[in-house]
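All remarks here apply to the structure that follows.
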Amino acid sequence: MTLHRTRFLSVGITAAVLSAALAACSSSSSPTGGSHAKSPVVIGASLSLTGDFSADGQAFERGYELWAKDQNAAGGLLGHKIVLKFLNDASSPTQAVANYQQLINVDHVTFTIGPFSSLLTGPSAQVAHRYGYALIEGAGGAPSVFATKLNNVFDVSLPVAASTLPLINWIASLPASKRPKTAAFPTSNDPFTQPQIQFAMARLTKLGVKAVYYKVFPEEPTQIKGIADQVAAKRADMVVLGSTAVPTVQGFTQAFIQAGYNPKIFLATAGPDQGAAYLKAVGHLNNDGVMVPNAWYGGSPNPQSKKMVAEYIAQYGGTASGVNADVAEAYSVGQVLTQAVNATRSLSNAKIIAYLHSAVTLSSVQGPVRFDSVGENLAATAFVFQWQKNNFLQVLPPGAGSAAVEYPKAPWGK
Amino acid sequence: MTMTEAATAPSASPAPLLRTESVSKAFGGVQALSGASIEVGRGTIAGLIGPNGSGKTTLFNIITGYARADSGQVYLDGRRITNLPPERVFSLGIGRTFQLTRIFPTMTVFENMLIAGQHKERSWNPLARAGGAASRRHAMELLDFVGIARHAGALAQTLSYGQRKLLELAYVLVADPEIVLLDEPAGGVNPSLINTIAGKIRELNAAGKTFLIVEHNMDFVMGLCDRVMVLDYGSVIAAGPPAQVRADPRVLDAYLGTGEDDDAQDGDRGAGHEGA
Amino acid sequence: MIASGLRFGGVAALLALGIVFPLVFTNPAVTSDAIYTLIFVAAASAWNTFSGYSGYISLGHAVFFGSGAYLTGIATLDWGLTGSQVFLLLPLAGLVGAIIAVPFGLIALRVRRHTFVVITIAIFFIFQLMAYNLQSLTGGTSGLLAPTVNFAAATYNNPFYYAALVIAVAAVAVSWLIRRSRFGLQLRAIRDDEDRARGLGVRTMRVKLGAFVISAVPVAMVGGLSWYFTGLIDPSSGFDPLFDVAVALMAFLGGLGTVAGPVLGALIIEPAQQYFQGQVSAGYLFLMLYGALFLVVILVLPRGVIPTAAEQIGKWRDKRREGDGGLAGHRLAAAGAAPDRAKELA
Amino acid sequence: MSQLPQAITDGILGGAVYALMAAGLTLIFGVMDIINIAQGILVVLAAYLSYALSVHLHIDPLLGLLITVPAMFAVGAAIEWAFMRRLRGRERTAMSLLVSYAVAVVIEGALYQVFGANDVAIQAPYVNSGVHVLGFDLPYIYLIGAGLAVVAFAAIYLLLYRTTFGRSVRATMQDKVAARLIGINVNRVAAITFGIGVGVTAAGGMVFGATNAFSPNSGYDLISRLLSIVILGGLGSIGGAAAAALFMVTAEEVVNIWQPVWATAVYYAVLVIVLLVRPVGIFGKPEARSS
C-alpha cells in the first residue's frame, strides 16, 4: 500500500526540509565578531516589540539606537562601527531565551545587552552567562535577578525599593501642621511596586501619617474604577499608588476625577514617567501635580542627558517632558558598555566583566554608575518628579535645578 | 433481588420480555405520555402505532434511557430498568435504532460495527485493539446478512439513506440484544428496500429475536407484527392482533381514519420526516 | 505486509533522525529551537489524543503545562536539586498533571461544545490567578527562576533535547496505541455522536475522562522540562492562554484526530514561529502576515495536511485502478483491506 | 460595609459597559454558533476608530458612532464573507476558533503598525464629569454606556424576535438546509448577522476606550470574560447575557472591597459553579440538538 509510504514520506521530506532550513540558518551567518581590524561590532538584544511590554520595548529600541548612532558618530567602539541586532521576544521569557541563544550562537554578536523587565532579564542572564557574555541591562532590577548571584549581570538603573525616600524626607521636613494626615496605599502585585509601597507606608506611618487603605490588586486589574473608588471614598490626604504602567494610573486618575476626589499628594511608582505616552492616556488637563519617583527625566541638567534629549526630539519630535525614561535606561546601558570597552581597550567580555566589578564609578545620562558584586548600581540617585502644567519637573530632593513642589496638588482639569 | 421477585410474580400469560407500567412524561406543559403500559412477549414482533405526537418515540427514549420518566416503571425480563442510563440499558439487552438514523459518519462501516460490539470485550487493557478475530468475523457476517458487506471499508457518511438504515440495524445486532426497538425502519426508504428490511426482520425473528417496531407504514406493520399496540395522547387505547386492532373503532377514530392515506403516501414518496 | 514494513521503516528513520539530530546540528541555537519544537510535538500529540479523538476542544491544557512547570520548579528549589537530578522530577510532574486532570475533567466534561470550550478557559484562568496570588508557593508575578546549571556550554542543550525527545516519542506512541485501540474507537464514536455511543454501551464519561487524564500527562511533563530549560516560570508564560491556541492550530494544520497530523503541525509551526517572531525588521507586518498565512492554510486545507493529502492520494489511486482493472478490482480490495485504508482517511 | 453601596454602583455601571461589549457576542457566539476570539480585538479596533476620529478629525466619540457603527458592520460582514462562510461540517465551531484567532492576529498587527504600542484613551467632555445622585457619583460616560447597552439589547431582541429577518436568522441557525428550502438567502443572513454582531462592538469599543487606557494588546484580556458572560447567561439568550454581565461585574466589585487580587476569579468561579448546577447557563434552554 503506497499510501503509508507516501504519508510518511511527506513527513520525512518536511523534516528534511526543516532541518535543511535550520542548517541554512546556522551556516548563513558568517562570523561578524571582531576578527578583522575594522569589521563592525555587532551588539544584540532581545526586545519586546509586541505583547505586554511592547510600549517599553519600543522605547528601549529607540534608546539603544540613539546610543549606537551617537557612538558611531564618535568613531564607534575602538574604531569598529557598531551594528545593533534586535530580535523580538513578544514579551515572552521563552522567546527571550531562544533569542539570546540565537544572538550568541548564530549571529555571533560581540556583546549582549538587556531586554525589558526583570522577568525576561533573569533567564536571559543565564544564557549569556553560559557563553561567557556580560549582560549589561537597564530594566532588570528585581531581587530575583540578583538572587542567582551571576557575575555577568549589570543593571545600570536605580535599585527601586527606597525610591520614594526623597518624598518621605520632604514630608518629614514640613511642619507637623502642614503634613498630610492620612494616606492610601493601593498597589499592584508586582515584585517592584509592592516593596516600594510597603517601604513608603512604614516610613510615613512613623511620621504620623495614618494609613487608611492598603490593598494589593492584580497587575492588570479589570475594574480599576471599582478599586479607585474604594480609595477615593477614604478621602485620604495623599495617595501612593503602586502602579507598573500607564493604564493603571489612567484608571485611577479618571476614577478620582469622576468621584470629585483630589488628594493633596498623588504619587504613582510608574506610568507618569512615560512622557508623551502618559499624557496621551490621561489627557493634557489631568496631569498637574502627579508625582513619580525615578532616576532620570527629560529636563535633567546632566549635559550628556541634554544632548541625548535634543537628539531624541530631533529624530522623533515632541518635547523634553515627552521622552520616556526607558529611553534613558537603554541609552545608559550603551554608555556603560562604551566606557568599559574604552577602559579595557578590548572587546573581550571577560575583561569587561572584571572591569565592571572593579568598583569604578562610570557616568551615564541617568547619573553615576557603580556596581556591587551582584551587579546592582549603588551610585544611582533617586529623584521624585512632578508634572506641573504639562511639564515634567524634578522637584525632590530639593536643591540646585529642582523646581518647587506643587503642594497641595492643583485641582483636576486645570 | 428483582430477578427473584419476577420469578415468583404471578402471571396469567407467559411473562413478557419488555413491559412498561403507567409511564408518564411531560415536556413543559405538554403531556407526551400519560400512563402508557405496553407489553412485548418474548420471541414476538410487536408494533407500536399512533398518530403524530402520540408519544411513540418518547416511550422509546424512556425505555432506552435517553429520557427520564416522570412516573411509571420499565421492566426487562421482569427486572426493573426504569431510568437507567443508555449504556446500562444497552448492556442489559435492549438495542434500538433511530427514526433518523444515527450512525458514526466519520468512522468506517466496519468500525461502526466494532463500536456496538465493544462493550462485551472485557479486556483489562484499554489499549488493546478493538475487536478480536471472533467479533470481527461476527461483524462481517452481520454486514453480509444485511447486504452491505462490500462497503465495510467506506466511511459511513458515504452510505445512502437506505444503507444507513441497514447499517444501524446490523450494528444493533452485533451485541446480540434480547430485544430490538426499531423506530420507523421503513421510513424514507424505497419499496424494494422495505421488503428487504421486512424480510431480514422475519428471518431474525424466526431465529428467536424479539422486536418492537414503531412505524407509520401500515402495510409494513400489519404484515409483520404479531401484536399491535396503539398509542393516542400518551396512553395505549388498543392492543391485540393486527386484524383486531384494525377493526377497532377507537383506533379508527384516533388514527387510521384520518392518517392512513397520508402515511401511505409518505411511505411511497420516501419523505418520512414527521416527528412522533 | 509491505505497507507495514515501509511504515515501520519510515518511523524508524524518523526516530533515527531525531536521535542523531543534535550530533549533526550542534549549534545551540538550532538545538534550542529543536527542543521547543519537540515540546510542542509532545503537547500537540497529547492534546490531540483527547481533543482530536473525542471532538471536545480543550483550551485548558495550559493548566497542565503550568502545573507541571510549577511542580518541577517548586520541588527543585525546595529539595535543592541540581543538574540531571531535575529530570527525574518529570514523571512526577506528569503524575500531578494526571491528578489535576481528574477533578478538572469531572467538572468540565459534564458540558459539551461551546460551553466546554469556555469552561476549560475559565478553569485555566482560575489556575493562572492562583499562580499570581499564592505568592509564597509560586513566587507571584516574578515567578520561579531555575538554578544555574553547570553543563558544558557546547553540549548544554543535549540533555534537554533527549528528555524532550523521549517525552515526544512516548506521547506519539500513546497516541498511536489509542488510535488503533478499542478505547480510541470509543473516543471517536463520542466525537461522531456521543448520545448514540452511550446507547451502544460506551461509558462515555469514563472514556472521556480517561483520555483527558492521559493527555494531561505529557503536557505536564514538557511543562516541567520547559521550566528547567527556559530557566523561568511565571504566571503569564506558565499559564499562557495562547499555548492551547498554538497546540490546537498545530493539530488542525496537520490533521485533527490523526496520529501524524499534530506531529507534522508542530514541526512546521514551532520553528516558523521561533524564527519569524524574532524578526524585528519585519515590524508588525510580520504579525499580519503570520495571521494571514494561517487564514489561507486553514481555508485551503480545512481538514489539515494529512487527511487532505491522503484523500488526494486515495482519489488518484482509485482513478488509476479504475483505469487498470475496473470496478471489480476496486470492490474486492475494498472488502478485504478497506477498513485499514479508510481509517487512514478518517 | 459602607463601601458596599459604592461597589454595587460601580458594578452596575461597569456591568453595563460589559453588557454593551457582550451584546454583539451573544449574536455571533450564542446564535450563530461561532466562537469569535476576535471579538476582543474588534472592541479595541472600534475604540481606536473612535480615538482616531476624535484626535485627528475632532469628531466627538458619541457622534462618531454614526461612522464607526457602519464601519464595524462592514468589517464584520467582510470577515463572515471572507472566512466564516467557508467553514463547514463537523469541526465548524472549533475551526471558527482558529480562524477568528488568526483574524485577531492580523488586526492586532495592523493596529500596532498604525497606532504604535503605547496606551491611549479616548478623551471627551463627558468622560470625567457626571451627576451626583443620593451620594453616588454617576459619570456620564457610564450612563451613556448603560443607555447604549439598553438600545443594543433591545434592538437585537426586536430584530431576532419581531422581524422577518429575525425569523430568517433563527431558521438559518437551526437548520441551514431547511432554511434554504424555504427560500432564505442563508449567506446573506449570516453576513448581516455577523455584521450586526461586530457593528454593535463599535458602541462597546467607544465606551471601553473612554473608560480604560488601551493598546493593541488589550483585546486578549477582554475575550475570555466576554465569553464567560455569554455562557453564564445561557447561549442564545439575549437578556441572559445582559443579566450575567451586570451580575459578574457587580460580584467582582464587591470582592474588590476585600481582596482585589481575587476579584477576577469571580468570573470564572461563578461560571464553573453555575455550570455544575445548571449546564445550560442561567437563562439557557436545554440544547435541542443532542449531538
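Which chain is which? They are A, B, C and D, in the order written, and residues in each are numbered from 1.
Convention: a contact is a pair of C-beta atoms (placed from the backbone, for glycine too) under 8 Å apart; a residue touches a chain by one contact, two chains touch by 3 or more.
Every value quoted in this text rests on a predicted model; they were computed, and no experiment measured them.
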Give the label of the chain whose average Cα location is farthest from that of chain D. B
Ranked by contact pairs, first place goes to A-C
Using mean CA coordinates as chain centres, what's the gap between chain A and chain D in Å? 35
So, what's the distance in Å between the C-alpha centres of chain D and chain C? 32
Could you work out how far the Cα centre of chain B sits from that of chain D, in whole Å? 46
Measuring centre to centre with CA averages, how many angstrom lie between chain A and chain B? 73
Please output the residue numbers of chain B that touch at least 2 other chains, ranges allowed. 105-106
For chain A, what residues touch not just one other chain but two or more? 49-50, 52, 189, 218
Please output the residue numbers of chain D that touch at least 2 other chains, ranges allowed. 90, 108, 112, 261, 264
For chain A, which residues count as touching chain D in their complex? 49-52, 54-55, 57-58, 189, 215-218, 220-227, 229-230, 233, 245-247, 250-251, 254, 257-260, 274, 276-277, 280-283, 286, 412-413
Chain B partner, complex, touching residues on chain C are 177-178, 180-186, 188-189, 191-193, 195-204, 210, 331, 334-335, 337-343, 345-346
Contacts from chain A onto chain C in the complex sit at residues 1-12, 14-15, 18-19, 21-23, 25-26, 46-47, 49-50, 52, 61, 86-90, 92-95, 97-99, 101-102, 104-106, 118-119, 122-123, 126-127, 129-132, 142, 144, 147-148, 150, 189-191, 218-219
Chain B to chain C touching residues, read off their complex: 64-66, 85-87, 89-91, 96, 98, 102-108, 110-111, 114-116, 118-119, 121, 123, 126-131, 149-155, 171-172, 175
In their complex, what parts of chain C are in touch with chain D? 55, 57, 59, 107, 110-115, 117-119, 121-123, 125-126, 129, 132-133, 191, 193-196, 241, 245, 248-249, 252, 256, 283-292, 294-295, 298-299, 302-303
